[in-house]
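You will see chain A twice below: alongside chain B first, and alongside chain C after that.
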Partner chain A sequence: MDETVAEYIRRTVLKIPRHEIMEMLTMWEFLSKTQLQTINVHQIKEKISQEVVELCEVITSIVNDNHTYRNKKVWTVYQMTKAAGEETDSFNLADFKYKFKRSLRSALKNVTINFREYEDNAIWIRIAWGTQYTKPNQYKATYVVYHSQTPYVFISSLRSSLPLLCQALVHASSYHDIHEMELRSRCIDSLKDIVFKRYSQTFQTYHPRPLQERNVAPEKVDPRIIQENKREKERIQRVNQEVFGEGLQPKIEFAQYKLETMFKGEPEMDILTEKEPFRCVVKFSSPHLLEALKSLAPAGMADAPLSPLLTCIPQKARNYFKIKERKGILSASCLGP
Partner chain B sequence: CISYKPFSLPEQLVGTDESQQQQLAEAILKEKKTFKINIHVATSLPLPAERDHIRPRIDLIAFMINMQSKHSLRNVEASLSHMDANFFLGKVCFLITGVGRMNHCSVEMNAVRKLGNLYCSPVLFCELDSEGIRVATAQRLLRMLQICAGHMPGVSALFFSSLMKSSIDE
Partner chain C sequence: MRRSGRPSLRRRQDMDTSDSGGVTPLGRKTAETGINFTSTTRFSRGLTFIRTHTLFGQSPARRIIPQTCLLQENADPQKIAFLLRKQWTLYSVTPMYKFSYGNLKEYSRLLSAFVAAEKRKGLAVEVGNDLGIKVTLSTLLGLKGTDQDQVAILVQIASRSQLPCENAEDKVVWSGWFCCISGDDLLESVPDDFTCLSLFLANGAESYTAIVGSWFQKTFDCYFSHLTISPLNLAWMAAMWTGCKVDSHMAATELVFSVPCIPQSLDISYAIHPEDAKALWDTVQKTPGEVTQEEVNLFMDCLYSHFHRHFKIHLSATRLVKVSTSIASAHCDGNIKVLN
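Let's turn to the complex of A and B:
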């Protein structure tokens, strides 16, 4: 929150008479009822104004973070599962919030939890973690986004306390278990695109995106320049379209492949062709990886079609892979993490 | 008094980077000349057979290799094996781009020099992203084209290979 705004709030609270503070704060309609209840108007005015400023800061940081950090932090996707035979109960928001808070607070006293609901059924939970002896650190808050109609949870900035958080989520949403999907990106909307529409054949995006401009503008082609491989270029475009679809690709920044395969080299290099697999990690990174892959073949930097290891990312809803040998033939057996 | 008859001189650019080829082709066509020129742009050889009957005799072939793309080198190597040996009497040259950013090169210098030696053809390094170099390269290619097509009295394409021999070799 802006320093001048904080200062303004502080002075305003100090100026007005004690018995009018609650009325004014209620009129502002900025702090919630529960938050207003936490303010003790019988303490010295300095303390009251301090508390009000702190509460306001927390609220503004939630609002700011949603918009600015939406695409700055790395989000990881988690999926919750029900036990076999369990029924899906209808979702109750108040119930969820209550259970979540209770579960977290029972394990950790010093924690700030804030909820915010959005129109698309998304619940944003902001958690500031403290320890047994320290107050919650508001600057390193974790964000959790849960769409109540789905089993998916998106979590960012989690350093520790993952088991605590998972337990609280599962308990509050009446699921049985939760596991991490091998899917990470900075763009939470793209992650949602991938997991929510994973079974649709033509790749439709959840968010209406503008149709991608084709970069082949109708140029004045000099008749003295003759393109010999028009057919091949058209084939590449067609294959690309089949694999990647029409619209803009979801935005991810990395794809990582952990190879645990045998080294394949010249027969003379006996040393390396041993029983031990040759371990290495191949990481692709780009501001917009899938769009970059889509443009490789048309730009003449790769043959079309591309390796399925690269093109399967949206369908498989993962961008972290482990590749093992399979009976001497190299293939991506996408075994668990 | 020498008068130039307008001739059609076909030139071939072979490479994987279409936009670079297009830019170079346009630069070549912009240059002032007294003869007609056609430029055939291709991604690889052999050329599609269905156009054989309408394609004129090619006078000069320029293979484009991007040092930052191993794929472009492999593509050129594969194309070379499809060529008629007659072309290697001075009618082939290699255009190498991407040397300016050494950190991003995945093709080795040696590989490119070996290619030039193996096929007795000049290797021209040019950063085609820069307009000045593009124009200079276009002018060089035009000059070579004139010689290859026999437009320069007293100068034949065979001279190109003799220019490549270093005095140390003898």
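Let's turn to the complex of A and C:
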């Protein structure tokens, strides 16, 4: 919130007589009833004005945060599961909010919880954490995005209170359990695309996105110029297309692979005869990783088709992997988290 | 001949070490020095390597790894410790004309005034006394490749503490040091009036580096140029440093590649467990105490092919930009950090 606005609010509250404060705040129609109820008008005026300013700041930050922080924080995806045999109840928003607040507040008194609903069934929850003795820190709030029709939850900026939060979510949404998926990115929309399978890969076009505009104007090529590797280039393009799909790739910034496979170089370099795996960690990072990977084979830096370890990222909805040696076969496989 | 003047040089060194009393950056670090001669050997070994590989542009087909301790007995462990765990930007310096080890105090005074004057440029009002900046030049003993090398020089810019009490420590805001390592062949051909301290390492604000550099350039008619490290040399460093035995905690051998020629930038970090990396290097390296180009190539090719097997990406087509091991890390922009 603007410094001058904060100052204005503070001074206004200080100026008007005590018995008129509530009336004025109600007239402003900015703070909700519940919030108004939290203000104690019997304390000294300095404190009242401070509380009012803080409440107003919370409101404005929620409005701003959705737009600013959408693509700035790193989001982690969690999936909730039902116990076997449980049925899906119809979703009740008020019920969810009530249960969530109650669950969190029963464990921690000093939290600020705000909800905001959006058109696409997304519920944004903003939580500011405090401790037993300190007030909630509004500057380091956690954001939770929950799509009520799905078992997926997107959480950002979480420090220590993960178990509490998970418990509250599971309880409020009537699920049984929640686990973290090995999927993280800054672009929450892309994460949604991946888990909701909205990107268009081969044979999976639930919500096809519009195809990228292709430049189809034919170039004026001198017929005397022959492309030496024309066939190979076309093959690479075709294979790349099959593997990555036609549309725009979901936007993720990094992928990490923990490799614990046996070392095996080219046959002529039979170097290590160790029985122990060759341990390494490989991290890929890029402003738009999948698009970068897609361009490697055409640029000649990689073989086509690219390794399934990389191309399976959207499909498997994960970008953190642990690869162990599969017995008897040279290729590596993905294991669970 | 210059060499006959050496005894007198040593005498002057004794005088000059008293200069360093003014600056006290080391008081804070005494608890964590734990310096012994092996690590300082490695330090000068690492420098030898960097110097000969980067300055002359040629990579020798083979290098001898000195196994014995090359340090002089008068090495100051505290000062050496001060050089560790800092990021240094490398510059190459042409021989300096009429530089004298005996005039370090005078140089300190002149450089202090110069730095103060440069800093004051652009300030509308005359600010009290000299902004509390103090420059010290001192010798850095013990960092030589061979006996014939010149003694290293340390330059430090400290800002005087604002507190009025007597024993307030000055804070070092910038450091730079010149050294000459194993430049036997070059030293032979340099005329008497020249001092060959061809490697300069700077840590601190770029503005200070520029000011100090320009003073040296003007005063001693030399030239500073930024050093970059080629991927080939980075590969050598990775191989050699991986092979070194480290007593304390081993960090992973990490290679960072940047992929050129694609629309989106892509960086690949390939970090190998230190024991496994060393095991691989040990099977590649044949003659103890000697490293050849073929061995370095084989080491890198092994790493590339293991990577290719998993990801189908040719790392050899990308650009190696950074190498990091338990011993030291180096970046192609000419930044190094010696950790051990």
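The criterion applied here is as follows: the second predicted complex is superposed on the first by the 275 of 337 C-alpha atoms of A that agree within 3 Å, B and C clash if a C-alpha of one lies under 4 Å from a C-alpha of the other, contacts with A are read in each partner's own complex, and residues count from 1 in each chain.
Keep in mind that, in the parts below, a residue touches a chain if its C-beta (ideal position, glycine included) is under 8 Å from a C-beta of that chain, and two chains touch if they have at least 3 such contacts.
These numbers come from a predicted model, not from an experiment.
Overlap between chain B and chain C is detected when the two structures are superposed via chain A. Set against each other, chain B and chain C touch different numbers of residues in chain A, with C touching more. In the superposition on chain A, A:Lys33 makes contact with neither chain B nor chain C.
Of the two partner chains, both chain B and chain C are touched by A:Ala299.
When the two structures are aligned on the shared chain, A:Ile323 is found in touch with chain C, with no touch to chain B. In the superposition on chain A, A:His42 makes contact with neither chain B nor chain C.
When the two complexes are overlaid on their common chain A, residue A:Gln227 makes contact with chain B while staying clear of chain C.
In the superposition on chain A, A:His19 makes contact with neither chain B nor chain C. Residues 299-303 of chain A contact both chain B in one complex and chain C in the other. Contact residues of chain A toward chain C in the complex are 257, 259, 261, 263-266, 269, 271-272, 274, 276, 278-289, 291-293, 295-296, 299-303, 305-307, 309-310, 323, 330, 332.
The touching residues of chain A, when paired with chain B in their complex, are 222, 224-229, 231-233, 299-303.
Partner chain A is touched in their complex by these residues of chain B: 15-19, 22, 25-26, 29, 36-44, 47-48, 51, 69, 71-72. Within the complex, the chain C residues that touch chain A are 252, 259, 261-273, 276, 279-280, 283-284, 298, 301-302, 305-307, 309-314, 317-318.
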